[in-house]
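One chain, chain A, links the two complexes that follow: it is found with chain B in the first and with chain C in the second.
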Partner chain A sequence: MDTLQTSLDGLMIGSTYALIGIGFALVFGIMRRINLAFGACLLFGAALAIYLEPWLGWGVWGLFLVTMVGAALASAYVERLCFAPHTKRTQSMTAMIASFAIWMQLDEISSQMLPQRTHAYHGLEMPTFWLGEISVRGDQLLHFCMALVSIMLLYVLLYKTHLGLLIRATADNPETAYLLGVRVPWLGFIIFLVAGILGGVGAFMILSADGYVTPMFGMWSTFKGLLAMILGGLGSLPGAVIGGLILGVVETHAGATLGAEYRDMVTFGLVFLVLIIRPGGLMGVKIYRTESLAQERI
Partner chain B sequence: MLSVNNLVTSYGLIKALKGVSLEAREGEVTCILGPNGAGKTTLMFTLAGILSPDAGTVNLLGHNLTGLGGPKVLNQGLALVPENRLVFPDMSVHENLLAGAFTQSKAMAVEVSEDIDKMYTRFPILKTRYDQLAGTLSGGEQQMLTLARALMSRPTILLLDEPSVGLSPLIVNEIFDIIKQLNEDGMSILLVEQNVNKALQVADYFYLLDQGKVTFGGTPDQLQNDDIIKRAYLGGE
Partner chain C sequence: MDPYLASVLTNMTLIAFLAISAYLVLVVGEVSFGQQAFFGIGAYLTASVTVLADGHVIWALLTAVVGGAAGTLVLGLLTIRLSGLYFAISTLCFAELLRFSLLHIRFTQIIDGRKLGPDGPEGFSNIRWIFDNHYDVTDFLLLSATCLTVLLLLLFGLARSRLMLRARMVGNDPILAQSQGLNPTRYRLGFIALSGAVAGFGGGLFALFNTHIEPAMFGVMLGVHALTYSIIGGLGSPIGPLIGVVLDIGLLESIRQLAAYRMIVFGGLVALFLVFRPEGIISHRLVARLKRQWGSRHV
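Coming up: the complex of A and B.
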């Protein structure tokens, strides 16, 4: 029973890691770049939400909205500043190093808005459900449903809309997409925006479940998101979801069994193991294979 | 129809095109021959708007296309079928064709599906494989897919960069039959080819490109009759 409870808790938190992981995987899968400032964008969104709360007074849903919008705006800002000017394949390093610098900047701005070490981030007051001996927190259940809905919306966007076709084509082969009239720079902007929105939802879920936010949140969410993406396979969206869920479950079990000090050690150890046994992540090395095949052909 | 005047394109300090002038006439198949490194692909990329020229002009039916960039050139009616059959490998045949119609606005969805039906009629093999991932098709099928995809953008002139490369002779014949058929149906075509035999069969006019310059322009008969050129570029027949 305990195992079931722990696994359930793990899935709940894993779904938030999945969303953040998708944020990284979208950008890597389509633009072949990692937005190192992504976690800091989420922190910025949360900081902005708490900072504006006295003015807006919209309660928890206000926090949700501003976190999402703030994260999306910060993500778009990073795209315009760091990634848009360096679009050639050889310049991906330049763009990522630039985003590393903006990570610092956004962290600093967030600290200015949240000077204390912790700030309250109000969650929803919801009852706890009991299924026999298993307890499920009402707000975490709602969050899980929100994550599900977000992922389904993303799926619809990518596979059922014209824009989704453009995105998938650009992910497959940006040069050919450009040849067919896709305005690739504009598409990059859209991707960063979508990643910011999804990450914002994930950030809201974590912070409102915990009830507080600290300045470390930027780095913390960057790690979780990157680990989820690495576990699942770089650039793979289903991989990011699975990676996030596995990360959540393993982490929670490790914390319950071995104690909080060993939790992170087990998590990183798992990623290490996966990288040795299956270097491309769980969903394989599809991107690299395609690219190397294409290079061979040319 | 498509007139190119003194086009100069460089890669950094290296001039790949040193003042290329040529003309592709409406309703004709114009063919560009030349040895490797002559600048043929550079020329195609410049015309399609992927590369920006340093000097010179490109005019299509009076519209100035010089330096416009890929999407705008496509809008003006110039479609390029690139070398090496660049399909979208992880998307189905049907989705690849839809991708070709990116520049057609969503409001024309009905016409897009009509266009796709036309492609399936012209290329029946694509119809049988409409659901398959493009990366799993054979070379010849991929070439047809790239052709059909370019046609989806309803071009006024079609640019083909070495359609026969890497394909078996039987498939090459099929592809060139299709090219001839397209031309007979009214499509103007600018073709870059290494396979001189096939090119001689379909082209109405030839240009020879060598080291970034046009060294010869003439009809197939003129080309056949000029022994010097034959020996220099066609290895003697």
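Coming up: the complex of A and C.
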């Protein structure tokens, strides 16, 4: 029974990791870039929400909205400054370092907006559900459903709309897409916006479940998102979802059996093992294979 | 010399070791987010040898060099199939694993009524080497600056050598290098081990200077900063990482009045700077152009 309960808790937490992981996977799958500033963008959104809360007074949904918009704006800013200027294939490192610099910048701005280190971040008050001996926190269940809905909306965007077609074409082959008239640079901007919105939703879910926000949140969420994406496979969207869920379950189990201090060790160890044994991750084998084929062209 | 200035300069030289170690990995075309862990290993080994085994400082630093090299070699062998971002992320995971293991190392002994040795998250305190040998900050600055200069001179000497040119070829295009009869894996492993040795040495000096070390000091931020220094400085010459360090720590310390807004300005400046000079300050192109001009003046 305990195992089931822990796994369920893990799944609930994992759904939020999945959303952040998708933010990374979108950017990597389409542009082959890693946005290190992603977590800082989410922190910026949360800090902005807390900063504006006394003036707006919109309550929980105000927090949600401002976090989402703030994260999306920050993400778009990162794209313009760090990724749009570095489009050549060989410049992925330069872009990553630039995004690291902006990470520092956004972190500092957010710390300025959060003068006391820990700030309350309100969530919805909801009753806890009991299924026999298994309990589910109401707000976590709501968050899980929100994550599902967001992922479904993303699916609709990518597979049922014209914009989604353009995005998928660019992911397959940016040069060909460009020759066929897709405005690839503009698409990058939109992808960062979408990633920021999804990440903002994820950030709201995590923070309101915890009930507080600290300036460490930026780094924390960057790591969780990166690990979720790698576990599932670099650049694969279903992979990021599954990776996030696995990460959540493994983490809660490790925390429950080995204690909190070994929890992070287990997650890093797991990701390292996956990278060594199956570098493409659990799902992203296609991208890995085409990339390694390109390297072994002789 | 003003002790404050001296300690800032010493810190710069110590971080420069880490930046150079990141640079050595970049030479063979890989990116490592994990050099700080080998810096940490060096620091812990040096501290252990000087404090617990009461060994001479030369042996302590040598252990740090060997330990750092061995650590990176293990990492290099484990990740032999990986490259690019995959390698970068695996170094990150490996480094964090090592750091978390340091959190669980407890090996304290009571020597002369003092509790010494690594004590989990509390770290390793009372590394009294610089007090026992009556080093003040300026002396230590001289020591670490001398070591750094020797290292830089070595790397400059190597810059035109066959070894370095080949390593750079492996870094630019492993397949081309392979078709020229080079073994990219060997160069990669060699330079990765070298980077670990340099990081371990720097970490050893760091432990001696700080007299207290703890796992939290060797977090990812340290390594990514070191990497950023080499990228900003440029890969054209071994002096590049040093310039990055001087720019960052030098600028940071000089405008301390703006402490709160420092990173806001600096982060933005770095990102803007990379837009205009994506290859860093001292790029290969700049080095080549300078050499041409220098040459034509003398011919």
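Throughout what follows, the second predicted complex is superposed on the first by the 288 of 298 C-alpha atoms of A that agree within 3 Å, B and C clash if a C-alpha of one lies under 4 Å from a C-alpha of the other, contacts with A are read in each partner's own complex, and residues count from 1 in each chain.
Here is the rule we use: a contact is a pair of C-beta atoms (placed from the backbone, for glycine too) under 8 Å apart; a residue touches a chain by one contact, two chains touch by 3 or more.
Owing to the predicted nature of the structure, the values given are computational and were not obtained by experimental measurement.
Peer 1: More residues of chain A are touched by which chain, chain B or chain C?
Peer 2: When the residues of chain A touched by each partner are counted, C comes out ahead.
Peer 1: Name the contact category of A:129: first (chain B only), second (chain C only), both, or neither.
Peer 2: neither
Peer 1: Who does A:155 touch here: chain B (first), chain C (second), both, or neither?
Peer 2: A:155 sits against neither chain B nor chain C.
Peer 1: Contact-wise, after the overlay, does A:101 reach chain B, chain C, both or neither (first, second, both, neither)?
Peer 2: In the superposition, A:101 contacts chain C only.
Peer 1: Is A:93 touching the first partner chain B, the second partner chain C, both, or neither of them?
Peer 2: A:93: touches chain C, not chain B.
Peer 1: Using the touch definition from the top, say if A:264 reaches chain B (first), chain C (second), both or neither.
Peer 2: second
Peer 1: Would you sort A:279 into first (chain B), second (chain C), both or neither based on which partner it touches?
Peer 2: second
Peer 1: Using the superposition on chain A as set up above, list the residues of chain A that contact both chain B and chain C.
Peer 2: Residues common to the chain A contacts of chain C and of chain B are 297-298, listed in rising order.
Peer 1: So in the complex, which bits of chain A are touching chain B?
Peer 2: 162, 165-166, 168-169, 172-173, 175-183, 286, 290, 297-298
Peer 1: Quick check: in the complex, which residue numbers of chain C touch chain A?
Peer 2: 31, 78-79, 81-86, 89-90, 93-94, 96-97, 100-101, 103-104, 174-175, 178-179, 220-221, 224, 227-228, 231-232, 260-264, 266-268, 270-272, 274-275, 278-279
Peer 1: Which of the residues in chain A end up touching chain C in this complex?
Peer 2: So the residues of chain A touching chain C come out as 34, 36, 81-82, 85-86, 91-94, 96-109, 112, 219, 226, 230, 234, 261, 264-265, 268-269, 271-272, 275-276, 279, 288, 291, 295-298.
Peer 1: If we count contacts the way the header does, which residues on chain B are in touch with chain A in the complex?
Peer 2: Where chain B meets chain A, its residues are 48, 50, 70-71, 74-75, 80, 82, 84, 86-91, 95, 98-100, 102-103, 106, 135, 149, 153.
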